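First chain written, first letter: the chains are A, B, C and D, and each begins at residue 1.
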Amino acid sequence: MADPMKIRATLVGDSTEIKVLMSHEMETGQRKDAQGAVIPAWFIQNVTVAHGGTTVLAAQWGPAVAKNPFLSFKFKGGAKGDKVTIAWVDNRGDKRTDEATIA
Amino acid sequence: MNRRRRQVLKSGSGVTLLALIAAAGWLKPGDASAQSWNKAAFDTKSMADTMKALGGGEPVQSKDIIFFQTPDIAENGAVVPVGITSNIPKTESIAVLIEKNPNMLAAVFDIPPGTEPSISTRVKMGQSSNIYALVKADGKYFVAAKDVKVTLGGCGG
Amino acid sequence: MPMRAMICAATWIAILVGCATAPSDERISSEAGAMLKASFKARGQAGLDRLVQDDTQRLCSESAGRKLSADVADRIEKQNLATIKYPADGKLMGDWKNGEKIAQDGRGKQYSDDPAGPVGGNCYACHQLAPQELAYGSIGPSLYRFGKLRGYGVETQRYAYGKIFNSEAFAACSTMPRFGHNGILSEQQIKDVTALLMDPASPVNQ
Amino acid sequence: MTPRLFAGLAGAVVAFAAVAQNSTVDGIAKYREALQDGNPAELWEARGEGLWKEPRGPNKVSLERCDLGLGAGVVKGAYAQLPKYFADADRVMDLETRLVWCMVKLQGISEADAKKNPFGNGNDKKSNIEALVAYVTSESRGVKMNVSVAHPKEMQMYRVGEKMFYFRGGPHDFGCVTCHGADNQRIRLQDLPNLTKIEGAQKAYTTWPAYRVSQGELRTFQWRLNDCFRQQRFPELEFGSDASIALTMFLAKNANGATFDAPAIKR
């Protein structure tokens, strides 16, 4: 089971700024281990950010996104106290969903 | 201008941006919550296959796509900050492409109405290369490039 | 050095108030030696014998960054000068292209390195050499245009070869490794690096 | 070409190379700045806080009664006054050795198990020590370094640590002082703090632990020392050994007065 995400959701003017860190190896599938065997690719493929039942960002990622991914963006319409939900799914089917409150 | 554009379009790794247009074209508005992943797009290596699949025209170079927090030099290619803002009206998606990576496409962000067309993330770069920001806006494609050098770090051990 | 002065002051206060007598410097040195032995474990090619100092290492450690007295510096330089072995074939210059590779290569002698693998000189870690390489360090002086500035004569070749072989022969307590004396680089490798510095065709001299 | 003109040209080439390198150095400074926003070390801090509060080990108790030097359970500011002498162990301890002590004494975990994985490696080999260190050190962010050498054993460790700093050995004659004994030095493009000066020690010590982007791991001060000795071509410095604590004592004490600002993010 993957570690929780670290989410910051902050109201800046009339926008909500989201900053999120995810705990993930983001293994490229190009590296080899000490024995010379290829380490299989293992990476987050889909990320969705939702606020009040609406998707405010949807992303598809390849293995070129850096390990322990960081993502930041802004959307309009959030209010202090609202919940923001972020979910990811990786290429093994592992999932993680976390929630943060807009501050 | 024409020559510069040709340079942008013809990448050194044998993959052209045109190939990636096809890659970036799948995300239709309203499709955002679907847990789909465009394998063909992320696997793009040769242009021959993808050229055929091309629906849209050539991307237009745009000064309205701005890189921010993207360094000229990355001390370590394992983590390269990339920020992209599109000032093009009706921006629908922003894709990050790294010319000299084994697979060019790194990430695509679908931007629903109400979300600012500006994202910041971090990518891996195998070597010094152009980073392309490919924006789809009102059904058309626009592109901007930034050259990022990856240096050696530390003492080689 | 302000730090040392502060600690001395603290020690003096301790003595004045009569609560403790600080252990002597010699005692601290011997405690440090014993503690080092107990705190490291052999791994890969790096055995505990690497903690046993030769005369040069011991004297340079004891100087603790301060200026050496003239007689100690002289002793270190004489001892090390005597170790330099110049090539039996009399040729001091190898291939600068190999020299460049050796200068770039930082591998070798770490416990994480393959003992059978290549060993480099890692010159760029500390020195500027060929101007094309911008990622150079500054622990040592710039060697850009080494031969061009000094002339390409045999005496300068001998100096360059000797300095790479055993730097302590020319500057006591130099931070530069003794590549020949300590068996880091082979005779051929030292010749190649000498050529990197001294060959008129080397990028270093352009 | 006259020699004078020639020398002038040579000077111009050197100046050009220097400008090129300066712009490289500036570029890297901007790169490091861009990384500051969003430090994955926070993921370790969060995991460490969980580990601190979770009942674990045969005794099924948390570490919330662990005394890090400011009293049982006090985490805030604790790292800024470590290493220190602990009477219950009759030993000068740094944070890592104290955490191991608490795991053994409070949670009933064997010492071997507690020390088994000090430096993590990817998802399959996550280190609890690194996570706990991330959490505890984050609780000293903004606190002034205040390490004591009042106890004779603390002073002894400080002085022994200073000796070790200057100890040169191995096939390369390297010691800590080789790279960290002068101002404005670099290995390749990597700046090296001058640890013989207060300002250098302050700047370096207060920015460890750090998330190393080159490894994708959070690294502790114990790791920093361990890997320095590897690069010095020494044998392996044992985790929690007295030498590691003595050197930590030397550097931590010299950092006194500076504001602790870690976990940081480094190349």
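Just so it is clear, a contact is a pair of C-beta atoms (placed from the backbone, for glycine too) under 8 Å apart; a residue touches a chain by one contact, two chains touch by 3 or more.
This is a predicted model, so every value here is computed, not measured.
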Exercise for the section: Pick out whichever of the two, B-D or A-D, is joined by more C-beta pairs in contact. Expected result: B-D
Problem - Middle chain, criterion being Cα centroid separation - result: D
Exercise for the section: Take the average of all CA coordinates in chain A, do the same for chain D, and state the distance between these two points in whole angstrom. Expected result: 29
Exercise for the section: Could you give the separation in Å between the centres of chain B and chain C, each centre being the mean of its C-alpha atoms? Expected result: 47
Problem - chain B and chain D, separation of their C-alpha mean positions in angstrom - result: 37
Practice task
Any chance you could list the residues of chain A touching two or more other chains?
Solution key: 66-67, 70, 72
Fill in the blank from the handout: So chain B residues touching two or more other chains come to 78-79, 120, 151-152, 155-157
Practice task
Going through chain D residue by residue, note those that touch at least 2 other chains and give them in order.
Solution key: 24, 37, 187-190, 213, 216, 230-231
Exercise for the section: Could you pull out which chain D residues touch chain B in their complex? Expected result: 24, 27-28, 30-32, 34-35, 37, 187-190, 213-214, 216, 230-231, 267
Practice task
Over in the complex, which chain B residues touch chain A? Could you list them?
Solution key: 27, 31-33, 35-38, 41-42, 78-80, 83, 98, 101-103, 105-112, 114-116, 118-125
Completion exercise
The answer for chain B against chain D in the complex is residues 69-76, 78-79, 81, 120, 149, 151-157
Completion exercise
chain C residues touching chain D in their complex are 1-3, 7, 10-11, 20, 22-23, 28-29, 31-32, 35-36, 38-43, 46-48, 50-53, 56-57, 60-65, 109-112, 124-126, 128, 131, 134-139, 142, 144-145, 148-149, 168, 175, 177-178, 182-184
Fill in the blank from the handout: Per the touch rule, the chain A residues reaching chain B in their complex are 15, 26, 28, 30, 45-46, 48, 50, 54-67, 69-77, 89, 91
